[in-house]
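What follows is a pair of complexes built around subunit A, which joins subunit B in one and subunit C in the other.
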Partner chain A sequence: MNIDHHSGLSFTEAGGPQIAIKEVTPTTVTFVLSNTDLSVANALRRVMIAEVPTIAIDLVDFELNTTVLADEFIAHRLGLIPIISHQAVHLNYRHECTCSPYCEECSVLFSLDVSCQSENAMSVYSTHLVSSSPAVQPYVDPANEKGVLIAKLRKGQQLHVKAIARKGTGKEHAKWAPCTGVAFEYDPHNKLRHTTYWHEEDARKEWPLSAKAVEEPAPRDDEPFDYKAKPERFYFTVESTGALPPTTIVTQALDVLMRKLAEVHRVLGGIAEAQGEPVVQPTYNL
Partner chain B sequence: MSMIEPVEDTHGFPFTEGATKFEIIPTDAADPSSATFVVHDEDHTLGNSLRFMVMKNPAVSFCGYSIPHPSEFKIHMRIQTDGSITAAQALNQGLDDLVALSEHVLATFEAKVAAKGDYETRDI
Partner chain C sequence: MSNAPAIHEIYLLPDGVDKVVETKSTKIPNASTFHLEKEDHTLGNLLRAELLRNPKVLFAGYKMPHPLDHSVDLKLQTTADTSPLTVLQEDVNSLMRELGLIKKRFENEMTLHNMQSSDPNGMPYTVDRAYS
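Our next item is the complex of A and B:
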């Protein structure tokens, strides 16, 4: 097979992809990735949504539920509660663990024990959940300190639940996605004609300019279409669910991407070595 | 407490440890300049960016990828070189380069985040 051939690229401050951070808030980060290809920017976007691991409630045992809501309805709502996931890197995935059905290497136990004694309806919030691990708690937005509303109970109604939270990724279930969304835009003036604006008479009168339009010069009316042009500035806004800080989502996504590639690289090297070829050392150090 | 795990057919997801990650389908056993590489448990994320990186190599005359069936979690990556290097070399270099690029983006991002004051911050 012979894979011993190398003339690797090098990425210098000026030659490689560039990043300009515009704004950081507790739940969002806005940045521009430039001087790279659409496929690389899109890989980053896809990994942030689907492959950065977080912790979410995955298995729920109802000991008592006399609320008006069905068990599976409440189980679904519990699954969607964002849980602070710094510990996700230290947890095993379910399929990595040999335990049955769960252990503290792969799971965090939550319990919810509420009953309504008052004449008025009682609201049950995510802050009522009691975690077995102090480092793994439901995320609470400072503007809404009670947390997420799970259910409402009338006098005499009870809810006793044990829930297992596990590590997972958005590609298995969206509840594990660390971001509510990734805003991703390039070519705000549509110079590349990657999209077509539906219009009645004049698209430029009928459509608002993109918020990112100020970032790039508008095309002149007499400018010919550059069919060789490629997108090279990508505007990102990553909004976190609260499970991870937004900048951590970006750094973990790049780490996940690197490890995916390095794994394929390692397997390819292994096949070459099995065929009696010299070991080729990678130029990166993971 | 007895918790019952729901059992369902996951169609090979998540990827099981020990399963085949990578296969090589030679186009012609006598011609190492062209081959199809099968990468299991990967999708457009790796496929498209790796195709871009392999195509940057001037010795590569063709590189394309496909997901042969939507319910099989794998990609096929076809590489054809001009003969000066093998298809496996082109893939090996593409992988190495793309890890190096990701490493560069990660280091750049971390440095820019550390440079507080160069960007706006809000508490809400």
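Our next item is the complex of A and C:
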């Protein structure tokens, strides 16, 4: 039985945090997280951005580059291409692998071999990249079938590149972040006064209401300020780069956060045992 | 040629370094500082807020001592009938349960959403459609 030691209430049935999914598209998910603390909502937001692993091009070897663009410029553009990262969970991080310099346990090879023979400029897209693994491909938006533009070539120009894609997180480099953005909002009427609206004469006339304002009752004019009130409803929109489905970003972020806490719990248990203090057994399962 | 810190210092715990170290206060009863290595505001603020909701906690606060050191110091004082180490274990435990519940409810909502939404063509809308 799960008992919350603060409230003494059973956690299993209706109580505890609530989720309401409002909209799901191939690249976004909009949901409301409620009946929880701001710190929990914010930790989820931070982990979705910085600690959900994806795959991105990390090492680029130029065999031939006669384009007008410098090697490092193209390498940077290759790094930013979203790559479908379902396989990231099966891949080792570079530091977890004993190989040198890379192997198929920790890397996916991409090659790009293009040359322009026509009189017109040739555009090179992310769909020109050839992957060593069928399951790891550049993400292609259905509305833009050619993919991401990498470079343009004139007649006679060539580009021969070997690129190594690796697993990483947004903490190390933003190219590994699975989301382009996480919209995060609470208290649309600013009842809690966590923000101050700059204004000329009347803040209410000069500032438009948030789209989320319909979700919560507007405060009455004579309503006294409740200094004990805490935020309870958090409005999220997670937008994916395409590397992972948006709902997967949410569930994986929760996994990452739980694994972090489980590790801290395990180490604390070890310290308690060594010091002869009580060891609190886990009542969760990962 | 540069003095930039190695990028893996953000997340890689070096050999022989403990993830958590408890330093008991010599001046205040039932007070400890927990040094969490390779963690940041994500866990620091989450733990601090959870601890402050516990009636056995008299003080809880955290800091990142230096923006280039990837560690967090969590200071905690409890009532005399327990210890900071026990309270921290209990609160990490209840946070885990809360997050587990959020995950379970998110997955339930996803199933429900996939069943309710459908294409104009009558095809059931699945979240993973773009990735098949």
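Note that in this section the second predicted complex is superposed on the first by the 268 of 286 C-alpha atoms of A that agree within 3 Å, B and C clash if a C-alpha of one lies under 4 Å from a C-alpha of the other, contacts with A are read in each partner's own complex, and residues count from 1 in each chain.
Just so it is clear, a residue touches a chain if its C-beta (ideal position, glycine included) is under 8 Å from a C-beta of that chain, and two chains touch if they have at least 3 such contacts.
Model, not experiment: these values are computed from the prediction.
Enquirer: Please determine, from the superposition on subunit A, whether subunit B and subunit C clash or fit.
Expert: clash
Enquirer: Given the touch rule stated above, what does A:Lys162 touch, subunit B (first), subunit C (second), both, or neither?
Expert: Touch status of A:Lys162: first partner only.
Enquirer: Figure out whether A:Pro101 sits in contact with subunit B (first) or subunit C (second), or with both, or with neither.
Expert: Only subunit B; A:Pro101 stays clear of subunit C.
Enquirer: Just checking: does A:Ile271 make contact with subunit B only, subunit C only, both, or neither of them? Give me first, second, both or neither.
Expert: Once the two structures are laid over each other on A, A:Ile271 reaches both partners.
Enquirer: Of the partners subunit B and subunit C, which touch A:Pro245 in the superposed model: first, second, both, neither?
Expert: second
Enquirer: Check whether A:Val279 is in contact with subunit B, with subunit C, with both or with neither, and answer first, second, both or neither.
Expert: In the superposition, A:Val279 touches subunit C alone.
Enquirer: Considering only the touch criterion stated at the top, classify A:Gln18 as touching first (subunit B), second (subunit C), both, or neither.
Expert: Touch partners of A:Gln18: subunit B and subunit C.
Enquirer: Applying the touch criterion given at the start, work out whether A:Leu59 contacts subunit B, subunit C, both or neither, answering first, second, both or neither.
Expert: After superposing on A, A:Leu59 lies in contact with subunit B but is clear of subunit C.
Enquirer: Contact-wise, after the overlay, does A:His86 reach subunit B, subunit C, both or neither (first, second, both, neither)?
Expert: Touch partner of A:His86: subunit C, not subunit B.
Enquirer: Shared contact residues on subunit A for subunit B and subunit C?
Expert: 2, 4-6, 11, 16-21, 24, 26, 31, 33, 36-37, 39-40, 42-44, 46-47, 50-51, 95, 142, 171-172, 247, 250-251, 254-255, 257-258, 260-265, 267-269, 271-272, 280, 282-284
Enquirer: Over in the complex, which subunit C residues touch subunit A? Could you list them?
Expert: Listed in rising order, the residues are 7-8, 10-12, 18-20, 22, 36, 39, 41-43, 45-46, 48-50, 53-55, 83, 85-86, 88-90, 92-103, 105-110, 112-113, 117, 125, 127-131.
Enquirer: Can you check the complex and tell me which residues of subunit A touch subunit B?
Expert: 1-11, 16-26, 31, 33, 36-37, 39-40, 42-44, 46-47, 50-51, 59, 61, 63, 93, 95-96, 101-102, 142-143, 162, 164, 171-172, 247, 250-251, 254-255, 257-258, 260-265, 267-269, 271-272, 280, 282-284, 286
Enquirer: Along subunit A, where are the residues that touch subunit C in the complex?
Expert: 2, 4-6, 11, 16-21, 24, 26-27, 29, 31, 33, 36-40, 42-44, 46-47, 50-51, 84, 86, 95, 142, 169, 171-173, 242, 245-247, 250-251, 254-255, 257-258, 260-265, 267-269, 271-272, 275, 277-280, 282-285
Enquirer: Going by the contact rule set out above, which residues of subunit B touch subunit A in the complex?
Expert: 1-3, 5, 13-14, 16-17, 21-22, 24, 32, 39, 42-46, 48-52, 56, 85-86, 88-89, 91-93, 95-106, 108-110, 112-113, 118-124
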